[in-house]
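Chain naming follows the written order as A, B and C, and within any one chain the residues start at number 1.
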């Protein structure tokens, strides 16, 4: 029984299931209750589950993350929302100093089974701080797990899996894809576990590895490349920490060429880690250096300029051209 | 919730436009000055209304309306001296007006053409800060600088009721108190932080927080431009004279949505607005001017005409605002040359040159 | 003169993609002023009233109430100069039914704050010669300028080559510094390394100290070859027959074909005509293109000729096959042979190429050899070795002349191919090489 859902709706449904399945699950954040969230992701949940489970918090991200730590210690499973990527930084201290380290510090006595949901990425014509891609900061921090769905079906299943995960999960939602639609069958759970990637489109000539908002862009690029006689394999990484290196290495073993695409700036982005690991693991299989397409080493520009900053079909295919020239 | 002692709401002009007295605060204004305040309020509202329409027409990506808060901003803004410095949030278009910032420069930010829009030092008006509460710490730091310079300026830091929950804001109170910094914290309590009402941020009236941090706090009728002017003048003077920080809570109401992306019908009742419409900040000044025969129809018509002209200029200016060129992504990232930025700028420029028709 | 302006649906909420038209507040013919509320829309976030951007007269409502349209779709057309009369003879453009206007191209900024734009699905047109911009030089990989010191080091560096080429050189014992680089930007290619190997005198494999035994593990292709040969030689009863052929006419054909349009890109060589001869001969003796299925005690006659061509590659002996060679025209066969050779030489022969062969050709002639007793490729029924095309004295039209002569050696599986069949096949191949027109007369 399938229904057409937007990613936003899929997340709402997934969170609803999480609340139904475990009475210890809480949702906390700014405007998540009465309003249902500025993107309506938590629409209707407070009405159905009550104010003690779906909580409108004071305007303080550090408070949101910090109190989540305490609630987790008390046996709850907080699912907190940071309203926009650019507003996570007041919470960064609590996340990195406490959420990430508590399990290790307590030798497992105090697990942190919480989910930190963050809408991220650009392409929505917004003002400053609403289009960031800070995933590398969190992936770089041991103790945190970091994932990002690219489509409504993954969003539905991955958010539930993240809630059930005993480790803290930073759950990055590509906000520019919130309104894209797909067919969702809630009876058919996909084969992939949470911390695995997937081949989104098989191909022979070159591997394009991407995640979150860029998956759609890279699939479109692969379609355009097909017209030019190029067969591009697109990997939807889905999980950023841990990285699914087996998936990537297997693909590179077959194609010999890799391009990594993300909105975050190239300098010290996830592409750097992937490139380093791939060149180590697949050195003799590489026909070309690993190329990365991403944002520039500059603050995210005003929205009139964002199309030049964000990787698009042309820039992805440009990189594909370049690896094929070797 | 304890809304505080009604006597502790400083008011000099009732919603009906009647002048009332307060034992501690007053203003003495010339007729021109009274009329000038009306003009300020009317122009500020017109800017706001026009910008909201422009957003709905797709000319701006976003607009944060100050509808209903004109008096809080004009009253406090007009209390500032030219050498005082103001730190706004992102809604202080009325303060910007009093500081002499061209409203078109505000539109540039919301149109997505710039992340700034003006030179803070030109008008002593900092750039809009979208991360909630950051600017309060900046204000305290600036005030500490003023102190070190032994200058006789004061600093005003604007923030909202929601922001009062942020760590940065509370830290700024501590610093200001400990260092006795010449900063006035001006909280526009418009009752809402997007969908969250005041009760979600505090259990006591906001102005009483100041006592906990060790400096005076006061609540003023935020829709009364005269009261706001009087209180802000007094607090600024105290700060300038070395009396240290103060907290002014301007009790007002956000008549519009949080921003044009928001839908207030989801969390508040239309009837709430009705009550506040009766407290409109501009209406009471209009009534006062009529009542005191300080203005006639030709004055009001003149202001209306001026507002229309301003709106038209905003409209045309906004729609003809040039887009920045792509290389501007790389301008000003650093103060000094940086090899990576230079390389990427060259890369993007070369890349765009390969397309038919150049970049668009 | 009427001047029409269109108002396109804006993104009113930072990233919305569509909206439903709830209610129009104006109708065609109404006068409208700037900022007058004209329509209410519903988005994923809110119901919103839109103010009119223009002053004038409503010419047409382009989207009916109740429909959902994408951001960027024109929703209303307004005549901003209604007092101007239309020039005579210019008909109004009637719109009988609702046809959604095409969205603006993905490259146009949709008013402000692009919203979530339509994804581009084709590349933007490039200037002529405006391909990918970053030069593919090792010093500028990724567009990052390599620091000066490193640049200098690279300039002094003895060789630049891709990792797989470096491995090849290492495996073959070739010092990259001694190899002439013919690749782009001064890089050493695989072909360069192989050429260096070919040119080396003496053993190409790294030698151990004189007088001491040296052990080398048998791996990869070599191992596979060893196993295949054993499997074939010791399970299939091989019989080898040979014949000497006057191939002069074929050599002349090769020269003619080389000048024929349609063969431009291909490599026309004697091997091409041998391949053709084999394919023709298989038609008359399909047994040689079969497999003896010992387990099922059946002979499988293959529907196609997947012609394998033994190739000496950097990895060792490989037999990639041309699938369906019988269905290719001569130019196509020529092209296929060229591609097979190029791929094998580049070391990029794929596993799919290496399986599914039904008959194998082995060209021992390139080594200057005339013939031998080739071993059948496991799974096949026969293998033909082609010797060198030499000038030899031959009796031609009654007198001794110098003619082009070659030997053909055919090994076949004597479990199901007897001497008569094998001989007939070999004779047919020889006939076609002696007279390329021979198949025309076959029944």
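One rule holds in what follows: contacts are C-beta pairs under 8 Å (C-beta built on N, C-alpha and C of every residue); 3 or more make two chains touch, one makes a residue touch a chain.
Remember, it's a predicted structure, so these values are computed and weren't measured experimentally.
Enquirer: Taking contacts as defined above, which has more of them, B-C or A-B?
Expert: A-B
Enquirer: Which chain's mean C-alpha position is nearest the mean C-alpha position of the whole protein set?
Expert: Of all chains shown, the one whose C-alpha centroid lies nearest the global centroid is A.
Enquirer: Centroid from C-alpha atoms only, then distance chain A to chain B, rounded to Å. What do you get?
Expert: Spacing between the chain centres: roughly 36 Å.
Enquirer: Approximately how many whole Å separate the CA-defined centres of chain B and chain C?
Expert: 64
Enquirer: Quick check: what residues of chain A touch more than one other chain, meaning two or more?
Expert: Correct list: 38, 125-126, 130, 303-304, 306, 314, 318.
Enquirer: Quick check on chain B: which residues sit in contact with 2+ other chains?
Expert: 61-62, 111-112, 261-262, 266, 323, 340, 344, 351, 355
Enquirer: Send over the residues of chain C in touch with two or more other chains.
Expert: Where chain C meets two or more other chains at a single residue, that happens at 11, 14, 45, 109, 112-113, 124, 131-134.
Enquirer: Considering only the defined contacts, which chain C positions touch chain A in the complex?
Expert: Chain C residues touching chain A: 11, 14-18, 44-45, 109, 112-117, 119-124, 131-134, 136, 141-142, 162-164, 167, 184.
Enquirer: Could you please specify the touching residues of chain A with respect to chain C in the complex?
Expert: 6, 8, 38-40, 123-126, 130, 175-176, 178-180, 216-217, 220, 223-224, 227, 283-289, 291-292, 303-304, 306-307, 312-314, 317-319, 321-322, 325-326
Enquirer: Residues of chain B touching chain C in their complex?
Expert: Its residues touching chain C are 49-50, 53, 55-62, 111-112, 260-263, 265-266, 315, 323, 339-340, 343-344, 347, 350-351, 353-357, 360.
Enquirer: So in the complex, which bits of chain A are touching chain B?
Expert: It is residues 30-31, 33-36, 38, 56-60, 62-63, 86-87, 89-90, 125-130, 267, 296-299, 301-306, 308-309, 314-315, 318 of chain A that touch chain B.
Enquirer: Can you name the residues of chain B that touch chain A in the complex?
Expert: 61-62, 90, 109-115, 130-132, 162-168, 193-196, 200-201, 261-262, 266-267, 323-324, 326, 328-330, 333, 338, 340-341, 344, 348, 351-352, 355, 359
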